[in-house]
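Heads up, there are several structures right after this.
In what comes next, chain A is part of two complexes: it sits with chain B in the first one and with chain C in the second one.
Moving on to the complex of A and B:
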């Protein structure tokens, strides 16, 4: 058992790194655990190792993470990359595996910065080999500089779709098509949020720049697509879709999907924290106070894990969460906490201004919230949307009961991929609000741990 | 508003409550079964599903034998297979002294007239479980036992009870119990219910009714933990236990491994929840590692704990109240009630309808505990008044 640490930060994306910076600044020896081999999270993945050319391809927002990454070399920060956290208990004990060894460490304060994950985009054929998410494509691009030279189709909706298109075009990949599923009436719906978004115009300007790049590239760009179907026998060979009633088919060897991002709530759920349904973002978010603190006195959540806010807001939110935690362990007085928080709070408020506009604009097409009956929803156990609807007919009230009816959500991913979709399907089939349907109870370990690792777990004294 | 009137109110619609309700309804009685959550939310739905006579307490032997007969025709009983698969149950000895202990029990069973447990030597053990670690010296085998799917079993009993005419009320805790006319009134958030008799099948929470009647028992809540691994190629047919360790280990048809064994998590019955404790799961992982070293790289994908009522003498309470006419108890099954559920319902129906059960249940009476036991028991929040 490692000695208790005053502050444990899980995740080294913008929120985690900023939290670590505040801890270092306060002279507190924090433990920073991260599953990835290098710090930076998804957005600044492998930035420390990226060549000038790769940085150029990935753009200025990527390179902007460099100042945050410098905290990783701070003397009093214990940065442990390659650490997979698989359980956090309400008393602040964090269980993780690193280099094949399972460990437990107690912390006075824990800040969960587990970030976002991509919203599942279930439609016929989405489980074919060769189909992956835009986020996964970006991991390859950032981590290894790998991308398909030709024959890739990007399909879906949201800023990351356009960003990846721009990055791949910049890397001189020959894209077969970009198929945008953003429904036309989303633009009208988002209009009322535009004035708010214009108060922090950077995001919109960036969006326009992506759109210009895409328009100028000559890549076929289909807008308002629906009825997607990935085709192919052993692997994806093409994408069928409709635009204004007309059927299209584009051949492809890689299909990259995106339907926005949602908070990764597996840990906050497994802790039993209360979550509320965010109707605009169509996702669950843990209930937190202004410092990211949860109802559990040792647990805080910062960044996208607490609600989608974007990298810059997440960085500010990480600072706020760290300052709150440093106050709770008695390192900072309330006055000092508030003084240090003033700048971050202003940044946070400014950076979240465009969210309602973006959330409404990129609301998922109903096709992906309510997939057709024969579409696989739970990939691990191969349960279709139609089967979930059938369970409801048989009296199934919520996601937890679907496990008993047909094992949905019981595979190795623990419902991470299907959870939102299953809740949406049940809510609509029952005709009740999502809050009433709820979400899977998430059971530890939230990431698989081997029997051998578990057997050699170094135990906390009082466990 | 006219209040519904029932012959029997069953409190707790877990497996035992549903089995009681089903058997009572088949006697032609009008039955309502209440559950503060939904059937199978706690121990009934999340246990290891062992249909096991092996290693039973002597007092439970007649019951477990009778229950097994029903399990072998469970589809006739409730209209569904419940996922029941007959297979051997095996308890492994890892040393000579463990073998001695197991064989002493076999002798005792012979004296009592039972021969369902048999000794098998190391060669026979390896023939039946080729993957077992080489240090194991032998085992006790119980042929004709098996395992079933707990939640599927609960659902099957639920459907059978409904079609037999039982009314099931979910999210309907029993709040208070009082005499009413010749029977009893149970207050619930859905209004008061009047019944001629009350069956207390409230599991971990069974003591709330017993205490209200002035006959509390030293039942303590326990969060018994289980974990499931990823899928593996089939390598294990029997359900496996160990003489010197707490273990329940089996492979499902879908290839996943179920690892249990009585290690406890944190029970929070007053909050209606439990949490796993990694220290106990780590011990289970060590046990599996000792018996099957080749499984070290197998990934655990899920763990959980179910709330169960434990008794100091490791056997449940089954029988009429010692204080009040028309009240019957069946709770505190100590983590091994799953197999007994089909017979518990039969016993309870016989007690009510015929005044006695054909099976010996004296050992399970509620007033078997001395005052000293009662002083030592914990006192969770009292949630029901009489």
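Moving on to the complex of A and C:
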């Protein structure tokens, strides 16, 4: 194995890119690994290649990533796109596959910027072909400029639902409907957080602009929808739902779902880091200090992977994590670290102010946290909510036991899709708080890797 | 008045097989099991029902293993009847694949030694590469041969655990889970089980895997077991290519491929080591080149429960009658014998087989004194 690199950054979204900028500024040769072919993460996906037209469609928040992306051409940064990290050891060794070759690199400090993932939204029919997440639809829109010209329904809750609606309307797609599942009492519940949110009003103004676009577009917009059911034989053909007791049905050829995002904790979980349950965001987050540092000396987590904060806060958080790491490897004194961090810390504090309001406003509808018995929750192994409840009756206390009994979480996605739902179901079935139920033990490789690739990993004696 | 006739400490494959065996014979059993995160060998099991090569240095272990393999079909049927869980048992015979001539020669010598110890009754076969490819066309050019034993097979260890639990519950057995048993105290002909609240049991069966090393001496039993890490790789589903389980690789009913075979002395660490995993991958792709492009979806390390000679320990306390201890590292293979034969012995019946005393933990005290 080659000498350890001083700093390894995994992920090139806002947090990873900002961390890389701080490393470059300090003259430290960092290694930046990213699974995608180009830098930018989900939010700035393919921004470097996007035409003016596409940038206009996707809006100003998308184009705002341009200054961050310039770091990728810095001399002392080793940017390796197309690198799939499948394991990180507590000692700071990172295992990844690139161009069919498995590699191991040891780092003095590792910053995990693996971002967020969409919260699953299980309801009858959600596994039909033609149903995908709003995030996946956005990947197609950003990466390839592809979107359905007509017949799409957007359903769920949260800012991304409205943003995608706005972007698709801007791209002149004819949407069949937007079906909003945000429960009416969320608005009341969120009110008490409004004053905090108003201190950083940009988010709310953007939200209002999305709502205006949607209202003006003439797209049927159903609010307070519940009891969703996707219908169709071989592929989705329509969506059934209720609004104030009245049954509706909208025909569609594509159904895009969303109910918020949660931290992607697969890596921090596989490292055995302690996580706590964030009741407001209804998700797990790794326990970190003010510099994103974990209990493991060589591992830090930055951006949405450490708790949902949004792109701007993630960027600031990435800077803080890098400065902390640069201090731990002896490049920056504490004084210098704190001096450089002052600006980022102020931005971070300001940008997270609206979170409690947004988190409470877009808390998922209980229907999709506790799906009905016959709804599939684990797509890979086709395990239903009812089966999980049956295993609890048999004596299972947590998701690792139900996994052993019924294979939920054992498929190629490693429980990313069903993990939260399964823990929610067990907690309710047992009548205990979710913290007591816990989460899957995540086993490497956290991304599938072929045996042929694994076999190329060099042996210690080759060093 | 004890709250339960039998307290079985440990709800893994070993404990559940014994608990089910006792309950189905009319005893009243409570199983004490830990919570969601525990060192659980039963969940990291490779799933072989394996006879081939076992019992070197202890022919009774070979006999016991073969007895269990022979009891397995009726046992699987019984579980299916009682719980509707199909544990996916097949026993087409199994292969131990070799990559070098000397590896094959060593393997053959080991099996010949067992055949001699069992008076010639040990029907293994040696397969040259030609014969092997007749049975397994996908074996790679690097494979130098294999040994075949007709009584070997495999089952789904997770379904087995679920079926045992279901059958035990259906027979009226009780589970107390979520706590750890910290101590067992003999009290006037009964036993106090120290867990979240103390329990009193007339008799106790220790089947706590690695925990038996600590709990055994509290009731006058010796179980010097140590952890031995095995790593298993689970691959995505592929077209059926392997109709026989092998020591290294097996393909299960749904098409998934499981790869195992590593032995590491690492203490209480059930994580995985990427370089060991890479070595397993290298060996697997030499055995079956078609696996090159197959994706690994999960790797795990689990801790085997190893006694000093690698054989099971079955014991009952003379100092504190009513205390029993059961430990082994072949919880799947031996499940049938544990439920149908060993449980009867623990329950106080006449031993149906003469050699159970051979497995007493006293054999380690004697050897350390010598």
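Just so it is clear, the second predicted complex is superposed on the first by the 457 of 463 C-alpha atoms of A that agree within 3 Å, B and C clash if a C-alpha of one lies under 4 Å from a C-alpha of the other, contacts with A are read in each partner's own complex, and residues count from 1 in each chain.
Throughout what follows, a contact is a pair of C-beta atoms (placed from the backbone, for glycine too) under 8 Å apart; a residue touches a chain by one contact, two chains touch by 3 or more.
Note that this is a predicted model, so its numbers are computed, not measured.
S.K.: Both complexes share chain A, so when I overlay them there, do chain B and chain C fit or clash?
M.R.: Here the two partners, once superposed via chain A, clash with each other.
S.K.: So, A:157: does it touch chain B (first), chain C (second), both, or neither?
M.R.: Neither partner.
S.K.: Contacts for A:408 in the overlay, against chain B (first) and chain C (second): which applies, first, second, both or neither?
M.R.: After superposition on chain A, A:408 lies in contact with neither partner.
S.K.: First (chain B), second (chain C), both or neither: which does A:133 touch?
M.R.: A:133 sits against neither chain B nor chain C.
S.K.: Looking at chain A, which partner touches more of its residues: chain C or chain B?
M.R.: C
S.K.: Touch test for A:437: chain B only (first), chain C only (second), both, or neither?
M.R.: second
S.K.: By the touch definition at the top of the document, which applies to A:95: first (chain B), second (chain C), both, or neither?
M.R.: Both partners, chain B and chain C.
S.K.: Is A:452 touching anything from chain B or chain C once the two structures are fitted on A? First, second, both or neither.
M.R.: Both partners.
S.K.: Now for A:281: first (chain B), second (chain C), both, or neither, which partner does it touch?
M.R.: Neither: A:281 stays clear of chain B and chain C.
S.K.: Share the list of chain A residues that count as touching for chain B in one structure and for chain C in the other.
M.R.: On chain A, the overlap between the chain B and chain C contacts is residues 87, 89, 95, 102, 104, 272, 397, 401, 404, 410-412, 414, 443-445, 448-452, 454-457, 459.
S.K.: Could you please specify the touching residues of chain A with respect to chain C in the complex?
M.R.: Touch residues, chain A against chain C: 87, 89, 93, 95, 102, 104, 272, 391, 394-401, 404-407, 410-412, 414, 437-438, 441, 443-445, 448-452, 454-457, 459-460.
S.K.: Within the complex, which stretch of chain B touches chain A?
M.R.: 38, 40, 45, 151-152, 155, 228-230, 259, 273, 275-279, 281-282, 285-286, 288-289, 295-304
S.K.: Using the touch definition up top, name the residues of chain C that touch chain A in the complex.
M.R.: Within the complex, chain C touches chain A at residues 33, 35-37, 40, 42-43, 158, 161-162, 165-166, 169, 175, 177-178, 233-236, 259, 271-272, 274-275, 277-279, 281-282, 284-285, 291-300.
S.K.: What residues on chain A touch chain B, complex-wise?
M.R.: Residue list for chain A touching chain B: 87, 89-90, 95, 102, 104, 272, 397, 401, 403-404, 410-412, 414, 443-445, 448-452, 454-457, 459, 463.
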